[in-house]
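You will see two complexes here that share chain A, one where it goes with chain B and one where it goes with chain C.
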Partner chain A sequence: MIREFGTGDIVYLVFAARWTLALTALAFAGGAIVGLTLAVLRISPLAPLRFLASLYIQIVQGTPLLVWLFLFYFGLSIAGLPVNAWTAAALAYSIYGGAFLGEIWRGALIAVAPTQWEAGASLGLTYVQQMRHIIIPQAVRIATPPTIGFLVQLIKNTSLAATIGFVELTREGQLTSASTYKPFAVYITVACIYFLICFPLTQWSRRLEERFNVAR
Partner chain B sequence: MSRVELINVSKNYGPLRVLNDVSLTIETGEVIAIIGRSGSGKSTLLRCLNGLEPIQSGTIMIDGVKVNDPDTDLRKLRQNVGIVFQSFNLFPHLSVSDNITLAPRLVLKQSPDQARKIAADVLARVGLADKIDAMPQQLSGGQQQRVAIARSLAMNPQLMLFDEVTSALDPELTGEVLRVLEGVAREGMTMILVTHEMGFARHFATRIVFMHEGKVWEQGPVAETLSHPQTAELKSFLDAVLN
Partner chain C sequence: MKYGLQFRDVFAAWEFLLEGLAVTLALSVCTMVLGFFLGLACACARTYGGARFKQAVTVYIETIRNTPLLVQIFLLYFGLPSLGLRLEGFDAALIALVINLGAYSTEIIRAGLEAIPKSQIEAGQSLGLTPWQIFRYIIVFPALKAMYPALSSQFILLMLATSVVSQISVQDLFHVGSIIQSRTFRDFEVYTVIGCIYLALAFMMRGVFAVIYRQVFAR
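So, the complex of A and B:
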C-alpha cells in the first residue's frame, strides 16, 4: 500500500535520528576508550607495546567497517554467541573508532613539545604524572578539532549499522521511501537531517582550529 | 663529601663523543660558571647531572648518590637538583601558581594550601608576587623565566642548574633575571650556570669552567682565569666574547 509522504513521516525520520545519535554516542565512547589506550601505548617507552598498538591500527584501518559489523553480528551468533544489533554495533564501532581516534590522539600527544616532558621529569614527576598533568591536557587542545571532524564522519558512518538491522536515520528513510514511493523527497529529508546535525559540529571544529592557530 | 663529583665521565650521542673524560668536583655553596663554544658539551653536562641523559662511562655523584646507577631513584635525586632551561619550559596550560605548586603537591605531597603559600613565597623572591594567578602567556619572557626559577626554588633543591637562562631574552630583560640569580646565589645555593654573561660570571661565580671539545679544558677562580687564561683556546674564546 502506497501512502503520502507527509509531516508524520518527517517526524518519524527525526525520531529515528535519535538512534543515529545514540549509536554515535556509544561508538564514540567505546572508540574513545580504545583510542586513548592505543594512543598512550603508541608513545610508550616500551617497544613491544608500541608495536602491538601500531599493528592493531594497521589492521583496523586496512579493513572495512562493514566487515567488522558482519563479523560481530553474524559471526558471533554462528560461533554460538548470539549478540543483538546494539552489542554488535557497539563492538564494531569501538574497534573501528578506536583505531582512528588512537592515531589522531597519538599525533596530538607527540605534538606537545618534548621539553614539556623534560620539565616534568626534572621536577621529579613520574611518567604517569607527566602524562596526566602535563602532556594530556595540552594534547586535548590540539586534538579537539580533528576529533570533532572524526565525530562527523562517525555520525555519517552509523548508517552502515542499518545492514545488521539497526533502524536509525538512513534505515528509517529506506522504510519510508518503500512505503511512500517518494524516494527523492524522503532522501532529501534524510540528507537535511544529517546536515543539520553535522554542520554545527563542522563549524565548531573550524572555529576551534582557527583559535588554536592564532594561539600558537 | 662534595656536592657534585664527576669522575672520568664520557657521553656519546651515537658515534659522536660529546663529553670526553670529564672530571669536576663542586663543593656546597659554590657558584660555577660554565663557558665555552657552541657544541662544546655544556648543556649535555648539565643534562647528565640530573640524569636526563645517560652517560657511557665514568661516575657522577651528587651528595654522595651515584646518578648513573640503575638502582638510584632519579625522581628522588631530581627533587634536590633543580634545572632551569633556556626556553623556560613553563606549562602553558597551567597558571603561574599551578606551574609552581604542581610538583610540590604531586611529588612532595604538600597540601594545596601549603603549596600555594610556598608559591607566594618563591614568587616574592623573584619579584613576581602579583603574578600568582596569571597565565604564562600573559607574562614577558623575563617574567616567564623568573617563574621558571621560582618553580625550581619551590622544590627547595640543594643544587640548581641553569642552562643559558637569559639567552632567549631581549637584552633589556636579561637584567631582571640576572638579579634574581644574584639573589639565589647570595642565599648560599650551590649553582652551576652555563652562561654567556661574562659580567655576571665575573661578579657572582666563584669558579670558571671552560669547556672545549667535550673536555673541561681549563678551570679556576674567576678573576684569575678570565684575566690570565692558560690555554690558547680559552684566550681566543675570551677574545671572541669580550671582543
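So, the complex of A and C:
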C-alpha cells in the first residue's frame, strides 16, 4: 500500500537535514585545511610551489564534483581501501572545497597591501610571523563574506552525495518520494528546507560585504 | 592483491563516449544561449523596470540560488508529472539548467549594467538619443566587457554542472561513463577518463573565451 505524505514525513525530512549539515561541516573542515595550504602555497616566494598549487586548482575547478565523488566511491577500492559513502564524500568534498576556498583565500591574502608585508619585515619579523600576525588577521576580514558565500554552494552541493547513496536531505527526499509517490510535494519540501538553511547565510554574507565596503 | 590499470575496455567504447560528449555539449551550448538571454531580460527588468518587476526577479533569483540544482531537476522531472505535465529527460534537464543559469547570470549582467556611469546615460539623453539607442550605443559594449570574465567562468561551471543530468538518465558524458562502468567494472579507469574529458572541455572553453575577449574587447 502506498502511504500518504504527511506531517511525519516532513519531520523526517527536516531531521535528515542534519546529515546535510554534518556533511557540510566535514567538507568545510577538510576543504579549509586543503584550501589554507593552497592559498599559502599560491603566494609563496618559490615558483614551483606556486605552480603546483595553481595546477591543483585548475584541475579540480575543471572537473565536475560528481566525477570526484564517483572516483572515490567506486575507484578507491582498487587501492585495497575499504570505502563507504562517508569516506568517499569526505575525501571528494575536501578536494573540491579546497580548490575553491584556496582561490578565495589567496585573493584575500593578496588584497592586503604589500606595504603591510614590508612594515612587518622592517620590524624584523620572519615570513611566518608576518603571515601569522599581520597578513592573516587582515585577510580574514576580507575573506569572510565570500567564504560564507561558498559555504552556501557547499551546502547545496552536498545534495550530490545522494548519488552515491549517502543518506542526507536529497537522498531522504528520493526515498520518501519512492514510498509515498508524491514527488512534487516531497521535492518542494526538500527545496524549502535547503532554502531555509541557505537564505539566512546568503543574506548574512551580503550584509557583511556591504558593511565591509562602507568601512573601506 | 595487486591491481593492474586497464584502460583498454574504456577506450574501446569511444564511439559511445563521443555520443555522450555530444549530448553534454548540446546541453551546455543551448543552456548558455537561453540562460544568457533569460538573465539579460531579468537584469533589464530589475535595473530599468518597475518595483513589481524588481520584486519578482528578486524572488526568482533568491529561490534558485538558495536551492540545489539536483533538487530543481528532480522537481521538474519527477514532480511535474504529478501535476499532469510530463517532460522528456533532456527537456526537463534543459529547462532546469536554463532557469538555474538565468538566475546566476542575472546577478552578473546586472552588475555589468550598473557599472555604466549614470553620467554617460545622461550624456546620451542630452544628445537626444532614444532609450534604445542609448542601450545599443552606450550601454551594451562596456557592460558586456565588464561582465565578461564572471560570465565566462559561470559558463564553465555550468558545463561541469550538466553532469548532474545523468541522475535523471539523460545520456550525457557522465551517464555514458556510468554505463561503461557497469559493463566493464573498470570503475577507476572510467571516471579518470571521464574526468579528463571534462577537464579538456573546461580548458578548451577557457581558451575560446580568452580568444573572443582578445578579438572583441581588447582594443
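To be clear about the criterion, the second predicted complex is superposed on the first by the 214 of 216 C-alpha atoms of A that agree within 3 Å, B and C clash if a C-alpha of one lies under 4 Å from a C-alpha of the other, contacts with A are read in each partner's own complex, and residues count from 1 in each chain.
The rule is simple: a contact is a pair of C-beta atoms (placed from the backbone, for glycine too) under 8 Å apart; a residue touches a chain by one contact, two chains touch by 3 or more.
Quantities reported herein were computed from a predicted structural model and do not represent experimental measurements.
Of the two partner chains placed by superposition, only chain B is touched by A:His133; chain C is not. When chain A is checked against chain B and against chain C, the one touching more of its residues turns out to be C. Within the superposed three-chain model, A:Gly124 lies in touch with chain B and out of touch with chain C [touch as defined at top]. Of the two partner chains, neither chain B nor chain C is touched by A:Gly107. In the superposition on chain A, contact is made by A:Thr115 with chain B only, not with chain C.
Legend: residue contacts after superposition of the two complexes on their common chain; A:Gly75 is shown touching chain C, with no touch to chain B. By the touch criterion defined above, A:Arg141 lies against chain B but remains apart from chain C after alignment on the C-alpha atoms of chain A. Overlaid on A, the two complexes show chain B and chain C touching no common residue of chain A. Those residues of chain C that touch chain A in the shared complex are 1, 3, 62-63, 65-72, 74-75, 78-83, 156, 160-161, 163-164, 166-167, 174, 177-178, 181, 187-188, 191-192, 194-195, 198-199, 202-203.
Of all the residues in chain B, the ones that touch chain A in their complex are 50, 52, 75-76, 78-79, 81-83, 85, 87, 89-93, 102-103, 106-107, 137, 151-152, 155.
Those residues of chain A that touch chain C in the shared complex are 58-59, 61-68, 70-71, 74-80, 152, 156-157, 159-160, 162-163, 170, 173-174, 177, 182-184, 186-188, 190-191, 194-195, 198-199, 202.
On the side of chain A, the complex with chain B involves touching residues 113, 115-116, 118-126, 129, 133-134, 137-138, 141, 215.
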